[in-house]
Amino acid sequence: MRILLLNGNTSESITQALVAEAQRSAAPDTVIVATRCARGAEVVASRSAEVVAANAMIEAIAAFKEPYDAVLVAISFDTAVSALRELLSVPVIGMTEAACHVATMVGSRFGVVLPGERNAAIYRERIVACGFEPRLAGMRVIGSSAAALYADPDSAVVSIRIAAKALIDEERCDAVVLAGAALVGLQRRIQPEISVPLIDGIACGIGMLESLVRLNFPKPKSGSYAVPASAQLQNIDPALAALFAYPAALQP
Amino acid sequence: MRILLLNGNTSESITQALVAEAQRSAAPDTVIVATRCARGAEVVASRSAEVVAANAMIEAIAAFKEPYDAVLVAISFDTAVSALRELLSVPVIGMTEAACHVATMVGSRFGVVLPGERNAAIYRERIVACGFEPRLAGMRVIGSSAAALYADPDSAVVSIRIAAKALIDEERCDAVVLAGAALVGLQRRIQPEISVPLIDGIACGIGMLESLVRLNFPKPKSGSYAVPASAQLQNIDPALAALFAYPAALQP
Amino acid sequence: MRILLLNGNTSESITQALVAEAQRSAAPDTVIVATRCARGAEVVASRSAEVVAANAMIEAIAAFKEPYDAVLVAISFDTAVSALRELLSVPVIGMTEAACHVATMVGSRFGVVLPGERNAAIYRERIVACGFEPRLAGMRVIGSSAAALYADPDSAVVSIRIAAKALIDEERCDAVVLAGAALVGLQRRIQPEISVPLIDGIACGIGMLESLVRLNFPKPKSGSYAVPASAQLQNIDPALAALFAYPAALQP
Amino acid sequence: MRILLLNGNTSESITQALVAEAQRSAAPDTVIVATRCARGAEVVASRSAEVVAANAMIEAIAAFKEPYDAVLVAISFDTAVSALRELLSVPVIGMTEAACHVATMVGSRFGVVLPGERNAAIYRERIVACGFEPRLAGMRVIGSSAAALYADPDSAVVSIRIAAKALIDEERCDAVVLAGAALVGLQRRIQPEISVPLIDGIACGIGMLESLVRLNFPKPKSGSYAVPASAQLQNIDPALAALFAYPAALQP
Amino acid sequence: MRILLLNGNTSESITQALVAEAQRSAAPDTVIVATRCARGAEVVASRSAEVVAANAMIEAIAAFKEPYDAVLVAISFDTAVSALRELLSVPVIGMTEAACHVATMVGSRFGVVLPGERNAAIYRERIVACGFEPRLAGMRVIGSSAAALYADPDSAVVSIRIAAKALIDEERCDAVVLAGAALVGLQRRIQPEISVPLIDGIACGIGMLESLVRLNFPKPKSGSYAVPASAQLQNIDPALAALFAYPAALQP
Amino acid sequence: MRILLLNGNTSESITQALVAEAQRSAAPDTVIVATRCARGAEVVASRSAEVVAANAMIEAIAAFKEPYDAVLVAISFDTAVSALRELLSVPVIGMTEAACHVATMVGSRFGVVLPGERNAAIYRERIVACGFEPRLAGMRVIGSSAAALYADPDSAVVSIRIAAKALIDEERCDAVVLAGAALVGLQRRIQPEISVPLIDGIACGIGMLESLVRLNFPKPKSGSYAVPASAQLQNIDPALAALFAYPAALQP
């Protein structure tokens, strides 16, 4: 099985860290292939940069010519997940929704540690959109931005540990989701000191996709995730235009 | 006051219809200026085409050099509204959220008539995201797509009338929102036969924006709608890159 | 356009303050006319006094013989809004629901600063009734009552500022609603020091009503906001009795 | 124990029917005393008539000089319940909220049969306000108004039976609430043919109040149900004014 | 009327305390009979021990041969309530759901004081299942377990008092539910110092059942609470097997 | 990896069918081991039989001495899942919650086809408890009971097909969950004619558990899923008593 890890950030070093975590998490016979956006932000840190990333992610999919069986959206806002799920016939999951699914399989309510005050509302909106709010116990913000934490992982570790403990003590959560692609892998250093599962979206996303691939559902033929009708989009990247003109072409 | 109507579709004729409706709805001293996406779909009809439209809408804003006091997102999925609200210092509203606000000012619960089976989930997700679901009485789908209805307005009128009456009788709604930019203006032909307000997003959006401009709130300095930090986005349209590099430049 | 500001309190000085704020907020061609309850409490401060105010407000409407195009319910419990919306053919809005509408147009979640511990539950019930609870981030109480704060505006300014900052820092809200008719206008002194929009119901109510008047919806002919059947109410004020006997008479 | 049945309608015959049902439901040592509004509508049938009724109900309480241990609000909109609960030191319950409490004690979800299309939204708002919506399976409307059904009970029986069966079959409810004070007692004729409990608010209200009286809770000293501060309300009925001036006087 | 108090714990001393509280709360003509589990935990303190208790409770019912008119589930997780409600034709209520019903009859939102960190999620899940979450203001945990508090009631009184006051001050609740069968009766010592009703499930459960018995609803003939079909359960206690084989035998 | 399939029914033939489906769904290196209740109902069909099954399931776990890495609760009411999750250190999932997780990974809202009118409320309560209700589009009931459908699979196939199509057409769901352990495997015959994924809990449960085992979270040390304190349960099966006395013994 080949899972395509699609990074919505342009950072090559974050992509490598994400791939490394994905490989640590994957089953022995799962191959991780990866691509990243050819344009946009090093680290997406705003609602507007996310819009650019979403478009660039679809372009990256249109440009990616190797085979794959599933797509892991490796940006913690779960950017473009529903668009890709519609467009492709293979399973698609976002790293944060995957973490929330797993969190609700291991406990009653979960907390979220996330980087950057301005991102708190964005993550909450994502959780509401997925319908997980009844299971959300609380959120804690660390650091000023994902990029700042990425630049100083030792400091990030300290902050995450404090925030996770606060969620457990004050909100009584049974699991803690660690949001933010830039923080990938840090949960492995912090888990030993935390009394409940510390949940990373990449590891969860790989697991969920391995299951979905094996479940082998047909592509929907009705509803909002059916293959869209062929459309002539103008003035866009030719590979992207071809994807919209022949959306069935990507389907097996 | 100058309101910028930003069409997420590339269709010039729909843009003209939207502007005409906006002008009919506006106060005497409101000037409607308009722009549309330079690339993407004639009529956005899928989650994936919406992603392309969102990016193109931010490009269109970056390219639009005339002054304006507010932005009406004139595509009924409310595409890119939160990104634009973050990026700009002027008020931004989507036509569907505006319609829902007004619907809940005139009655207890509202219904939604919308074009195209595959769009029903998308509109519902938008309504949930806005928090209006407690006031949503039901939805009815007409036609196969917005484009098909746009091409045959007389038939659309008949379908909308039947669907609106079904919502009133079966779901007991006190107002009916007519979703779909392509259907703009048809409510004027149908309202006389409908027993509750038939609500169009363009008229409502203009009204809400006129109020917001007059309220003259400061641009948030904290939270997820504060001006984002300057960011170097790569390989994108130069005007768009400038917008991300100097996000404050668009602020008064 | 003439908007009738209907104060549910009997206080003339608060009425004047409300009118002054309404005039500051209104479009140039909007005329504010006002009336207040002829009986009841100076400042409504309980659920039971609100019941008396509601009745007195309908009496005040029955007694008010000048023309108007819309009614702003200028008491922050939004007293009698649904009754007046049913009875009248012109748009009616409450100041607190108007503030909540606007708050959700400018940010993700909002906080509420309100006077008097005993009022917190009443405002929450109002917000739940309107369906805005999914967007409510938190509430903070200042002072012992609206009347006490009204008597000492300098102290109120200090308390509001502290409470608003607490909501922003601790609940991460993107907007703060300032509830309480007696506090009207104070937001103008406090806004400069607050990092998100500070929202007053009178200004918002005027804006929403200006839009609704321009939208010019027909009076519903079905549902719970249609004109009620003529009813013979006994032993009530004659003008009020006439209003119930000929409810259509107030309709254009 | 003496329970005061307070009818929000002025109809003497409905009051007698309500008292008769209350007496059939009460424990042997419970005495039912009753009063009704001295002004307002024979049968409240609109949001605006309810406002008049609410004021008249507080007046009726102020005028009622016999002792009582609890108040049953015997109007199915539960008019003025929270105001009376605040003002009095004895337990107060509304007939519809009482029915909903009981319905959720005997089954998983309940349905509601109610008179008059225009009332459906009002009952739903009441159920939402009480927090029972998660347990509401559906609603069915019968007849044009409560008054019309009251005038033809045999026809009402047929309509209720059909509606209750539809709720059971189509919404799979485990209990059916029969709303509408004018329909009081009809459940006794219909229950034998209905496969789940058919629930009447008067019988439930008596039962809940008997329990609350025995539980003998202290009047709250904090929060929104504490005794309000003494207030000078002007131009109102003297007995009512006295009630507001000395709210503690009604407390034991 | 005879109410069967069914203790899900095997502790005889707690059973006696529960019966004493029930007798203090009951109407003069109500007789309390009681039984407890013949096997399982002295004090149920985990999700798994609750499963054993649930089975033992049904066995206890099967073994109990005296007549009774209603069943009070006297274990604060409301263990096996829905199973017993299905199986029996008499009313069944759990002590915690009964307390929540009463709490919402006396105030706007309620708080919960409960023993043992690990139980907080269990009580919350119960409250969500009952649909009371919209009325839940907050929870506070005292002590390490119910058993520890039961062993030291003076210390428990201090802790409950502090927790109840915190809920009132910080969450602005209008009532406080005291959860935990082992704490039964302590509310009588603490109430005088608490400004809102302090609510105990046993007293409330008795009251609700007295009402339900008097309401005399028929056993449902449809839905999930109808008498289940006769079933041959193997390798179980003979009295229990007889109950499943002839479920109608327990019905009047 | 060894997954223990724990059937809450005593039927050996259903157990074999469940194991067969589990094996079809599992990864090549996953070994399915199975056990079933030694006592209780052939096919659990009521809330009360479920209580007996829950106890028997814990006994079966206590009696099962082979090693395993995870537990799949193979009874569609997800009986005893939270108790087992608390008691064991390995991952535990219920087949219906697993199906709901997967359903929300492939579409916007899902429908449920389920056997037996009386079970509809039970499944809905389970979905509410898991927090999936915001994603539930609707439910359809087929047949009189799971046992009846199991006895006539050809007829069951016809009924499921009709019900699934109704959910897709009338509720616009993007996925259909087929509930009921007795129906296991039928989805393979029906899927080809259904336009959206038809989701079976066994296949999903195996997939989710394979992921959870690989994620290798530590057993919680706090909260409601930490190992419970040692408890002396009396008069129970010795193996079960040992499990409660030394709950850590089952932990790695």
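Note that the chains are named A, B, C, D, E and F in the order they appear, and that numbering of residues resets to 1 at the start of each chain.
Quick note on the criterion: a contact is a pair of C-beta atoms (placed from the backbone, for glycine too) under 8 Å apart; a residue touches a chain by one contact, two chains touch by 3 or more.
Everything numeric here is computed off the predicted structure, so don't read it as measured data.
Separation of chain D from chain E in touch steps, taking the shortest path, is 1. One inter-chain figure worth recording: chain E and chain F are separated by 28 Å, centre to centre, where each centre is the mean of the chain's CA atoms. The mean-CA centres of chain A and chain E are about 44 angstrom from one another, to the nearest whole unit.
Multi-chain contact residues of chain D (touching two or more other chains): 82, 85, 107-108, 117, 120-121, 125, 128, 134, 172, 174, 222-224, 226. Contact between chains, as defined at the top, is found for A-B, A-C, A-E, A-F, B-C, B-D, B-F, C-D, C-E, D-E, D-F, E-F. Residues of chain C touching chain A in their complex: 107-109, 134, 172, 174. On chain A, the positions that touch chain C within their shared complex are 117, 120-121, 124-125, 128, 141. Those residues of chain A that touch chain B in the shared complex are 10, 38-42, 45-52, 54-55, 58, 80, 82-87, 117-122, 125, 128-129, 145, 222-224, 226, 228-229, 231-236, 240, 244, 247.
Partner chain A is touched in their complex by these residues of chain F: 25, 27, 85, 91, 93, 97, 101-102, 104-108, 130-135, 168, 172-175, 191, 195-197, 199, 203-204, 207-208, 210-212, 214-215, 217-218, 220-226.
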